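Next come two complexes built around chain A: one with chain B, the other with chain C.
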Partner chain A sequence: MSMTPTPPLLSVRDLTVAFRVRGEDAPVVRDLSFDLHEGETLGIVGESGCGKSMTALALMGLVPNPPGRIASGSIRLGDEELVAAAEARLRRVRGARISMVFQEPMTSLNPVFTVGEQIAETARAHLGLSAREARDRAVEMLRLVGIPAPERRVGDYPHQLSGGMRQRVMIAIALVCEPQVLIADEPTTALDVTVQAQIFDLFRELQDRMNTAVILITHDIGVVAEMTDRVMVMYAGRKVEEGPAADFVAAPRHPYARGLVNCVPRLVADPPDVPEPLFEIPGLVPGAEALARPGCAFAPRCPRAMPVCGREFPPVTASPGGRSVACWLDAEGAR
Partner chain B sequence: MIRTLSRRLLNAAGLLLAVLVFNFALIHMAPGDPVEVLAGEMGGATPELLAEIRAGYGLDRPFHVQLLTYLGRVAQGDLGHSFYYDQPVTGLILDRIGATLLLVCAALTLALLLGCFLGVVSAQNRNGWLSHLVTLLSLAGFSAPVFWVGILLILTFSVALPVLPISGMSSVDAGRMGPWGRAADVAAHMVLPVLTLASIYLAFYSRLARASMLDVLGSDYVRTARAKGLSRFLVVYKHALRNALLPVVTFAGLQFAQVVSGAVLVETVFAWPGLGTLAYESLLRRDSPTLLGILFFSALMVVAVNIAVDLLYRLIDPRIGAR
Partner chain C sequence: MTVPAPSPPSASAAVPAEAPLLDVRGLEVRFPVRGGVVHAVGGVDFAIPRGQAFGLVGESGSGKTTAALACARLAEAAAGEIRLGGEDVTHISGRELRAMRRRVQIVFQDPYASLNPRERAGAIVRRPLDLMDVGPKSGRQARVEALFALVGLRPEQQALFPHQFSGGQRQRIGIARALASGPELIVCDEPVSALDVAIQAQILNLLARLKRDLGLTYLFISHDLAVVQHLCDEIAVMYLGRIVERAPKRALFARPLHPYTRALIEAAPSADRAVGRAGAPRRRAAAIQGDPPSPLDPPPGCAFAGRCPHAVDRCRTEVPALRDMGGGQAVACLRADGAGGFV
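Right, the complex of A and B next:
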C-alpha cells in the first residue's frame, strides 16, 4: 500500500443511515467516516446486523426508501458529491463507476432473462454499445470471470447455472463497465468453500488487471487477512476500529475486535492433547434500541467496561501506522 | 414439450368425457319432459304423437343405450339434433360462437390490459390516490352482481344518456350499411356488454397485478437492475413486469371458465346473440341436445384455453420448459 498523499477515490464523512420504525428514526449506520484509495482493498467486518450492507447500499444510493434514508453525511466519489444527488446523476454512477456484488447469488439475477442479456444491458446503458457489440462484450466478460464455453453460456438462463457460476455472472455484470469501485457484500457466504477460494482468486486477478478499488464485506477474519489491505470493524452501526489488515489481525485493539479475531480457531502444526477452548463474545447482538442509547454499544458485553462507557461514546484515538480505535481504554485521560 | 403436450391432451380428453357423461345424466334426471313441450308447441299432444316423437329421437330406449349412442355420435363430431330448431346442434353452435368469442375475448383483453396497467401504476405509488382508487374499484367489482352492473350501465348510457344501443349485436338497418358502418355498429353494441363483463375481472386483475408487482419490486433482482444504473422505465417494465405477469397469466387461464359463465349472464342481460342466450333459451325449452352441446363446447373451449395458457407460460418463464 502506498503512503503517497494522493486524494482518496472515495471519501465518506459522518454518514448516518436511518430507518423509520414505528414513527421514530432508528439509525442503523452512525457517523461513519472512511476513505478508499485507487486499487486498494478495504475490508469491512462486524457481526450480523451491524450495518455493513446498509453502508454499501448507501454508497450505491440504494437504501430502501421508505423506510430508510441517508439522514446526514457526505459521500464523495472523485469530486462528485453523491448524497442528495439527483436520481439521474446517480444512475450514471451506479453500475458504471461504483458497482456491487450482492450477498445472494441465487436470487440476484432475473430468472426470465438470459445471463448474456443481463450483462449486455449494463454495457448498453453506460457504454452506448450497439446490441451486437454489447453481446460480444458479454461473452468476453463471461470468459474473463472464468465461465467455460462462454459463447454457449451467454444464452443460458440463471436457473441453468450453479450458485458459483451465478456469482461469477454477478461479478461480470459488476465489472462490465470497468468501475472505479467494486463493492462485494459477502460474495461467497452462500457458496461452498472450494468455490469461495476460486471467487477470491478471481477478485485478485481482476483487481490486478483493472486496478479497481474494492470494498469487501465479510465476517471472516481469515478472508480479511488474506484479501484486504486495510480493515474497518463496525459494531452496532459505528466504526470501532480501523487499520492495516496485517497489523489488525496480529494485534486487534478494541475489545470487540479482539473477541472477533480470537473467535477464529488457529491452525497449529502440533495440536495439544486438550484443544484450547474457542473464545466466544458473551451477550447478544444489540437491537435497534441499543443503537439509540448513549455510550458505547458494546459496553454491556464488554469484559473491561468502565462506568464512562455507558455514558458517552468514546473519542477516536489515532496511532502511528494508520491505526485508529474508538474505545475509552485507549482514549487519553481515561481511567 | 411434445410429451407434456400429449399428456395434457390425454388428460383433456378424459375430462371432456367425464363432462359429457355427467351432463347427460344430469339433464336426463332433470324434471320436465322435452317431448311434451315440443308437442305442445306443435299444437296438440295425442299419446300416439308423443310416442312417435320419442321413438324418433330414441328417447324410449334405456338410459345407458341413449348415453352410449350419444357418446358415439359426439366422438364422430355430431352433437345431435335440436328438438326446437329442428337442425343440427353443431350448426347452431357455430352460428353463435363468434358472437360469444367476440364478447369474451374483448372483455378479457380489456380486463387484463387495464388491470395490469392499474396494478403496475398503483404498486409504484403505494399510498397514492390511484392506489386507493384501485382498492375501491376492486371492492366494488367484487361485491356488485353482474346483472346489476349491466342494468346500471344500460340505465346510464342508453336511457338517461341515450348514446349507446341497449341490446342486441346490430341495428335493424345494419343491412344497408357498408362494411365499415357495420363494424362501427357492432362496436357500439359491444361497448356496454364488454364493459359489464370486464368490470368483474378488471377488479380481480388489478388487485392481482398490484400484489404481484409489489412482491417483485421488492425482489433481489430488481435491486440488481437498479444497481446497474438502468432507467426507471427499464427497471419497472422490463425487469419487474415480466415476472409480475406470471401469476396474472396463470389466473387469467384458470378464470377463463368463469369468464365464459359470466358471459351467459351478460348475454341474457343485453340480449347478445351468443351461446349464452342460446343456452338460456334451450334450458327454458327443454331442448336438451342443444344444451348438452353448448355445455360440451364450453368445456372444450376452457380446456383448449388452459392448454394454450400453459404453452404461453412456457414462453414467459424459461424455468418451466426445463422441468
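Right, the complex of A and C next:
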C-alpha cells in the first residue's frame, strides 16, 4: 500500500499520559506518536496494562482526572488541537467527530432508558434535532446496524436485547453523528464468534459507506489480520512496533510482538494428534511503579536482551514499507 | 516432578481397562424459571477414554458448562445417566458422592472469583486435602509443596493472598487445588478465557504437560475453537443444549459435517487469512446471520434451522438425532450426507 499523500485525519505526537501512583508520576502512555488516515483501520495490540485503552481515553478527552492527566504532547483532529481544548469544546467533538464503542455493551448502556432514547440523546445534543426527528434518526440507525423491526425495537430496554443486539445499539450510538474517527475497544470480546463476524461485517460496510477511520483495540491477532490495515504494538505505555497488518502478522520484528503472534494456538485444517507446546512469553507486564524506569520495559522478559536494553530506551528504526520498530537489535544491526 | 496420587477407589479397578472413564448417556438438565422450564441440556451422549481430553465447544447459552457441571455432580441431571469408571454416579449421595468428589475436580473460568480472598494460597491448596481427608495429616504439607512445584509456583508463595498474584498465577493456584485430591477427571471450564493471550499459552502448556505426566482426563469447556483444537483429542459441538456434531479432532477439522460446525470454523478470526483492503481482498461476509435462539423459547425442529443456509421445511419440524457417520464422527443434521455434502 502506498501511503496516502493527503494529510492525516488524526495526528498524535509525543503523547504522554501520567497517573499519580503513590506520589509518583507513572507514564501509562509515553511519547506516543501515530497518524490515522481517512477510511483506514488501525489496530492497537498488546496485553492488558500496555496503555491501549488509556490511549483511546486520551483521544476522547476522557482520561480520569485525578489521578490521570495528559502530561504532554499533541492530538490533532484535522486542524484542531484537542489536548489544550476547553471541556466545552471537547464536548462538541466527542460523540460527534470522534466516538467510541466500549467493550461491555451491558454496562455501557443505561438500563432505565430505551435504546431509542439513548441513540436520540446523542443526535439531539450534537445535531440539534427535535425530539421527533431524533426518534426517526434512531430508527434509521437501528436499521443501518442491522436490527430487525427497528420501529418496534426502538422502544426496547437494553435487557430485552441479546448481547449482539446491544453491541449493535452501542455502534448505532457511536455512529449517529457520522464521526470521522471511530474507536472500538475490544468491541466483540463479550460476543460469540458467529455474532462477532457479523459485527465486523457491519464495521466494514459502514466504513465503506462513510469513509470512517477506525481504531480497533484488540488482543486477537486473528482480528488484526482480518480487520486492520495497519497495526501498532504497545508495551508498557510505548509503541514498540508499527507496520502494515499483513507484514506484521507474517513477520513481527519486536521480540514482544513475536511472542504475541506466536503464543496463540492457530486454527488449522490438519492439527497434529499431540500438540506442540505453545511459545511462551515468560513473566508479566510491569506494574505502574516500573514504568518510569530507564531502558526497554520488555528487557526483563526478552530472550535476546543485551546490557544496553536495561539502560536506555531504543531509538525507532524505520524500514521500507512503513514499518518501524523500537528495539536495540535493529538499532545496532544485531539481527 | 511427580505427585504421589492417592490410589483410586476399588470400584474402578473392577472395570475393564477399555471402558471409558466418563460415560454420559441421554443427559438432560432443566432449570425452573418464572413461567416455565429451561432445557439447558436436552439429551447429550458422549464418552471420554481415560487419559484423553474431550472438548465441549459452543457459544454462550449452548449448555456446555451446564453439561460439564452435571458430570461433576454440581448440577442435577433431570434425566440420563453419568458413569464414572463404569460406576453409575448420577444419583449417588452422602459418602459415595464425597468419594466421587475426590476423583472429579474442577478448574474454573475466573481465577479472581474462584479463590477465597481471605485465605493464603497454601491454605487454599491444602483445604481439599483436609476436607476430603486425603492421605495422612503429617504428609499434607509436603503434598502442598509438591503441588506448588508441579504447577510452577515457588514454595514461599504459599504465604501470599490471592490478590498478590497475577491472573495466570491465580489460575495455577486453582489448578493445584484441583489436583490436590489426586483426581482422575478434571473439568476445565474455560480455564484460559479470562487470561491475557501471553498468559493463556503458559496455562495451556501447563495443562498439556499435566495431562501427559499425570495421565489426567479432561472434560474441557471452551468457546474458542483454536484452544480446543490445540488441547483436545475429541470434540463435541453444542448448540442450544444439544450436541450437533461429535468427532475425533482430526476428522472434525478435516471434514466438518454440521452447518453450524462449519459456521464456527469460518467465523473464527484467523491470522493466516488474507489481510486488509490494500493487500488481498478481505474475508468474505459472515457465514451465518442472526443470533442463537433463546433457550427460554426454543424453536421446534432443529434449533439451528433458523440460521442454517441448508435448512428445508422438514428441519423446522423434526428434531435431528445424532447419527453415526463412521470413523467416530456423529452428526445431528437431517441433511448432512456424511461426505461433507447435503442431501
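Following the convention adopted for this analysis, the second predicted complex is superposed on the first by the 322 of 335 C-alpha atoms of A that agree within 3 Å, B and C clash if a C-alpha of one lies under 4 Å from a C-alpha of the other, contacts with A are read in each partner's own complex, and residues count from 1 in each chain.
Rule of thumb we're sticking to: a residue touches a chain if its C-beta (ideal position, glycine included) is under 8 Å from a C-beta of that chain, and two chains touch if they have at least 3 such contacts.
In this text, all values refer to a predicted model and were calculated from it rather than measured experimentally.
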Overlay on chain A: chain C relative to chain B, clash or fit: fit
After the two structures are overlaid on chain A, angle v-u-w for chain B, chain A, chain C in degrees (C-alpha centres, nearest 10): 80
Chain B versus chain C as contact partner of A:Pro244, first or second or both or neither: second
Partner chain in contact with A:Val83 - chain B first, chain C second, else both or neither: neither
Of chain C and chain B, partner touching more chain A residues: C
Partner chain(s) touched by A:Ala26 [first = chain B, second = chain C, both, neither]: neither
Which of chain B and chain C A:Glu47 touches, first, second, both or neither: second
First, second, both or neither for A:Leu109, with chain B first and chain C second: first
Chain B versus chain C as contact partner of A:Arg92, first or second or both or neither: first
Touching partner for A:Met100 - first (chain B), second (chain C), both, neither: first
Smallest separation in angstrom, by C-alpha atoms, between chain B and chain C in the superposition: 9
Residues on chain A lying within both footprints (that of chain B and that of chain C): none
Touching residues on chain C, where the partner in the complex is chain A: 59-60, 166, 168, 196-202, 204-205, 208-209, 223, 225-227, 229-231, 233, 249-250, 253-254, 263-273, 275-280, 282-283, 285-289, 291-292, 294, 307
Chain A contact footprint on chain B (complex, rising order): 219-221, 223-232, 234, 239, 242-243, 316-319, 322
Footprint of chain B on chain A - complex, ascending: 60, 62, 87, 90-96, 99-100, 102, 104, 107-113, 121-122, 125-126, 157, 159-160, 170, 173
Residues of chain A that touch chain C when the two form their complex: 1, 41, 47-48, 162-165, 192-198, 200-201, 204, 219-229, 244-246, 249, 259-261, 263-271, 273, 275, 277-281, 284-285
